[in-house]
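What follows is a pair of complexes built around chain A, which joins chain B in one and chain C in the other.
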Partner chain A sequence: MFWGKRLGSVALALLGCLILQRVGLGLNSYFQTMLVLAGVYVTLSVSLNLINGITGQFSIGHAAFYMIGAYSAGVLARAFYVPLDKSLYSPLNNGFQGLVQSISPGFTCQLQPLMWLIGVMIAGAIFAAVAGFVVGLPSLRLKGDYLAIVTMGFGEIVSIIVRNQEPLGKSYGLEIKPTIPSIFLTWLLAVVCIAVCRNLLKNVHGLSFLAVREDEVASSAMGVNVTRVKVAAFVLGSAFAGAAGAIYAHSLGFVSPTNFSMDISFIILTMVILGGSGSITGATVAAVVLFYIPEWLRDLKTIPMAGFVGAIFATIMVVALVKRTLDGFQEKGRKTAMIFASIGAGIVMTIALRFALKGVTGLEGSIDGNKLRFVVLAAILVILMLLRPQGIFAHHEFSWKWVKGLFKKKTAVSA
Partner chain B sequence: MDFSTHFVAAFELTTLPQQLINGLLNGAIYALIALGYTMVYGVLKLINFAHGEVFMLGAYGALFVSWKLGYQPDGNAPPPSLMALVLMLLGAMLICTIVAFFIERFAYRPMRNQPRIASLITAIGLSLLLQYAGQIFLLNGTPQTIQAEKISPFSGNVVLNLRGADQSRLAEAEKLKPAWDAAVAEFKARMPLEPGGEFNLSQEGERLHTKQGDAERAYKAALNDGNAGVMKIEVPKGQVVLFTITIILMAVLTYLVMFTKQGRAMRAVSHDFNAASLMGINIDSIITFTFLLGSALAGAGAMMYCTFIPGTKIDSFLGLAPGIKAFTAAVLGGIGNIPGAVLGGLVMGVAEYLVVWAGYDSYRDAIAFLILIVVLLFRPGGLLGSAKVEKV
Partner chain C sequence: MSQHVAVVPQENLVETELSLLRLDKATIKFGGLIAVNQVSFELQKGDLFGLIGPNGAGKTTCFNLITGMYEPTSGVITFRGRKLNGTRPDKIASLGICRTFQNIRLFSALSCLENVMVGAYLRHKTSLFSALTDIPPAIKETQALKDEAMHWLSVVDLAHEASRRSADLPYGSQRRLEIARALATQPALLLLDEPAAGMNPLEKEDLLLCVRKIRDEHDKTVLVIEHDMKFVMNLCEKIMVLDHGEEIAYGPPSEVRSNPKVIEAYLGEAV
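Right, the complex of A and B next:
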């Protein structure tokens, strides 16, 4: 039963990756990049969750590890990698390739870049892990806010150093050839990251991580090696971020310091907290959602000013109503009804205000959705924190048991 | 690599005092902003990430006041006046206070009973929200500058001579000058007498040319020698005003915190939240008061930053860099500690300009964090703070 569930989960995850790859091939390059980036953000969010949510070490410099991975991939690609030229291709040159060729003919040029990508991922992970080790060391002495500011400072230092190095392209960045967008590998990395975190939590090592989060002094008194746990969390988390960075670099074909600014650290942190600090499911879902919302807004070129202002008023009203409902009403059914009623009222109000405010001077014209991206992101963040500070999933996790319970309830209702 | 030559060439001792003063002036602004961070942390134990954005809004407040007073970028401006500067300062402080009141009331107060991380995330969210909403609503995000040269009655520099020129060498140079002039005159006088430009090639021409060159070299060497030791500090008068106002504001703050009833209540809340409330202190009003005080300081800092530091462009991301540096300064001095914030700010400012002095302009922003990390590794509580020992 145990192994059945486990193997089933692994098979399902792999199948999911393959399906994403298959779906991605049918889409245009923009959506392919989107799929890759979504996977990258899931990895980043889950790996930060390991440091931040599970071990309780408050780190706001995750973009630095991501950056180190991406730049090491970029430098390696520029230094060593010669794209496979078809005319030079011969199966005898490369034993492994010949082997694959004999198994599945026609699968030639694809393989070499993929192998390279895997190698570069490992390299990026190693470099980032070393950096994580360096950052992990101060965490032995510092706590809470002080650790946060040190990780932020580390991130800034890495960024400034990169900006000033000629071989790293200064502020302009590096171009990386060839681009190898592999949806399958990206999501495989995400799945591996999730699996590592999940399995960690199920055995004694992971429990010591949780113990350090809950109470450092007590856990060290119980024989947990606090030093080792903290450094291990940093090394593991940053290694995954580095691998994600390598994938990012090779899928976009371009890295520049602005892609890894402090905003990115904050966004990853937001994903972790919004999902529910410590919840892997939450980190995953929040990463996908929070990655998708700004991308969706990027496409909306013109949003009427009147509608936007109306939406602001409506949002404020809804938040106030929902907050009052959450604080005031005890009865569960009434609570839900009130929440849905206020959301409905908000939507009605938005539409009404959009037409009511149309003629007002100063509110004609429209806004570029691109400018609105971070406004919406930040607003969601503040509102959710006000209404549900423990995050969407709080400490809950997705599990087969939960799915089973879902079906059981349904049958019970029908019977 | 040109590393070594660069390193050696940049160390000019004569410019050191000037850079130290620049650092102090810059550090004063950091200190002013850092005070806001540290005071809020003292009472709420919350890193107010939105403080940099309050600073940014203060800068906009000063800009709009200056526009209302007629100092538009184009067109006729009224004559420079001290009154306009005072009005701008008050306007910036007022705007910051109002914004801070709303932030505290509607974002931070509901979070007070939640885990600290939740309020921290709210602060980060507010910071992002104000930055990007400002990009839409504040002049469409177009960068603006305050017309400081039209407003400020303080123009010109204050010059302080630390070490004058070597007068004996200069006098020597003066004595050598006639010889050089004479040599030049002689050379020029002989020139047209020999047609076809053959004079330059003749033996006599060669001799006179060498004589002229020698005289010139002797004169210039003496002059350079005389001036080499000159060490002076030049500070724009506006920045002197800035420093003075900063000191006054800090003095006022010290008075408020140390010698008034409100200040005592603030210190009590900072010391022990619950005990203070048991002693009959109205926690809410004290926290609001502290918050507004810190934000008003940020407003003053913003007005001075944009007016007296030339070339400052006001846009909605203005608060980002000073905010982070001031925050670093607050942590460096020991967050929650008021003298620590001032010390941290000054140390950061001076360190930055020392890096500039050493020739590494581009690493100016990195040094702040480097110092911070090193200091925290050896004194985890900051320079003046004390690290708390956790007890079971």
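Right, the complex of A and C next:
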């Protein structure tokens, strides 16, 4: 019974990733890269959530583990990777290839490098885990802001070392030979990362992680080995970041220190906090959304000035309405309905104002949308944090029960 | 629920006396301040022992010494014949000493049941790896510990609040939840740091019965710090009074109550 269910969910995960790969191969290379990067960011955000949200260790050096994974993949590829001759493919490999090809054509030529990618992922994870262990050690004594400074310092140290080492390509970066953009493996890693965190939280072991976040003194008095929990969180979280780094390196075929700078750490941290610190669902959703919004805004061409001004007015109105709804209404169902209604009203207002303001002098021109993309992103972040400081999902996880609760008539007694 | 009864270690049968915890001239200095000065006492199995004294007398520091939060500057603390000096707090908890806190320290974002489960977690046997892969032994163990936590919640009459966030509980219930959490580690010795603080008379009465029940039915030894004289005199069989880190009186409640030194410490010198 149990194993049937378990095998079923594993098969479902594999199938889901294969379908994603299949869909991805139909798109152009830009979207393929987008899909891979989205998977990488989901892994990064969920793994940082383990350290930051679940165990409560404020780490802002996550990009360093990501970088270590990427560079170890790069160095290993340059040192050991030899492109295999077709004739050298083993019969086993050929058989496997045939099987995979029948499920997913277009996969074949990548199979042998795929094995390499799996190996390199494991290596990257191990290197990053060792680094995570080293950073985990000071966290035994430091808390909050102080730990944040140490992890930030660690991030800078890694970056500076890379910038100054000839074999690591200095500031120019490293070219990595086999480019293997595998959507399948990237998302499989993300799914495994999510599954591991979910399993942890389902188990009594996970409670010890949460206990350390809530109160270290009390948890050690209850027999929780705080040292072990913190180091375990750092090692696990950084291992996943390292594996994601290895995938990133091989999917782009190039790494340079600027790809892993401090702002990447902050973006990952923003994903965790925006999604709701401690919520795996939140970290996943926020990673996809925050990664996708700037890319999507890149496509914005020219926007008429009138439309832009209208959008600003509409946003202010929606924010005010939603704020009132959140403060005032008790019934959850009506709350949800009101929020959707306000957003709808905002869209209508934007369109209406766009035409209404067309004639006003000074608003005839248009502006370059592409230049506005980070302004828009920042505005979204500010508004979200104002309306929901606990993050989109707060401490909730996705479940059908939770979704139903949002539409309930009466205020649900917290279950 | 038979497996939830505290395990009495075999070596206790061999021991000639029932001595559980012994403080031998325990002292701790913070810079120039001597917080606890040469305090010695001994707890027998099944004792209800009270530790009282005015504010700043060093009672909570005593607790911190016993539970390993601080290491004594000098003196020896032994538990079941084992020296505790320099042992980590979580190790001491696993040896069978568990405490509550003066300023409630619950895991506030967790539910009541989860709080107690953290206490029960002490006796987990599965590895972290099996938890991460969510295999049957880990699932079974989590369920078993959950049942056990539920049992301890019902001991302190909080079973109906199991799924409530612990921070949302009323004050008196939070105190009792802390006791349940400590009990879930199945300690031989339970340390209660001002369990009745901030409770109304009715809640105090309940707590008194609850602590007695824990001692009598669950076979625990209890060491209590308390300010409420009436509570402590009713509850404890032996009382030690500390002032400025030193022992000033020791004995049964009736003796301690009339001890002139104790009256002086609490009320000040006669003019």
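We take it that the second predicted complex is superposed on the first by the 288 of 415 C-alpha atoms of A that agree within 3 Å, B and C clash if a C-alpha of one lies under 4 Å from a C-alpha of the other, contacts with A are read in each partner's own complex, and residues count from 1 in each chain.
The definition used in the following text is that a contact is a pair of C-beta atoms (placed from the backbone, for glycine too) under 8 Å apart; a residue touches a chain by one contact, two chains touch by 3 or more.
This structure is a prediction, so every number in the text was calculated from the model and none was measured.
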{"item": "Joint occupancy of chain A by chain B and chain C, clash or fit", "value": "fit"}
{"item": "Which of chain B and chain C A:Arg163 touches, first, second, both or neither", "value": "first"}
{"item": "First (chain B), second (chain C), both or neither touched by A:Gly8", "value": "neither"}
{"item": "Chain B versus chain C as contact partner of A:Leu269, first or second or both or neither", "value": "first"}
{"item": "Touched partner set for A:Leu210, first chain B, second chain C, both or neither", "value": "second"}
{"item": "Contacts of A:Ala232 with chain B and chain C, given as first, second, both or neither", "value": "second"}
{"item": "Which superposed partner A:Ser219 touches (first chain B, second chain C, both, neither)", "value": "second"}
{"item": "Three-chain overlay, vertex chain A: chain B-chain C angle, C-alpha, nearest 10 degrees", "value": "90"}
{"item": "Chain B versus chain C as contact partner of A:Val196, first or second or both or neither", "value": "second"}
{"item": "Chain B versus chain C as contact partner of A:Lys323, first or second or both or neither", "value": "first"}
{"item": "Superposition-derived comparison: chain B or chain C, residues of chain A touched", "value": "B"}
{"item": "Which superposed partner A:Gly405 touches (first chain B, second chain C, both, neither)", "value": "neither"}
{"item": "Smallest separation of CA atoms, chain C relative to chain B, angstrom", "value": "6"}
{"item": "Common interface positions of chain A, toward chain B and toward chain C", "value": "217-218, 221"}
{"item": "Complex contacts: residues of chain A adjacent to chain B", "value": "58, 138, 141-142, 144-146, 148-150, 152-154, 156-157, 160-161, 163-164, 216-218, 221, 263, 266, 269-270, 273, 277, 323, 367, 371-375, 377-379, 381-382, 385-386, 389-390"}
{"item": "Residues of chain A that touch chain C when the two form their complex", "value": "2, 6, 196, 199-200, 202-208, 210-211, 213-215, 217-226, 232, 236, 395, 414-415"}
{"item": "Chain A contact footprint on chain C (complex, rising order)", "value": "67, 69, 88-90, 93-94, 98-99, 101, 105-110, 114, 117-122, 124, 126, 128, 131-134, 136, 138-139, 141-142, 145-146, 163-165, 168, 181-182, 185"}
{"item": "Complex contacts: residues of chain B adjacent to chain A", "value": "41, 47, 107, 110-111, 114-119, 121-122, 124-129, 131-133, 135-136, 141, 324, 327-328, 331, 335, 362-363, 365-366, 368-370, 372-373, 376-377, 380, 390, 392"}
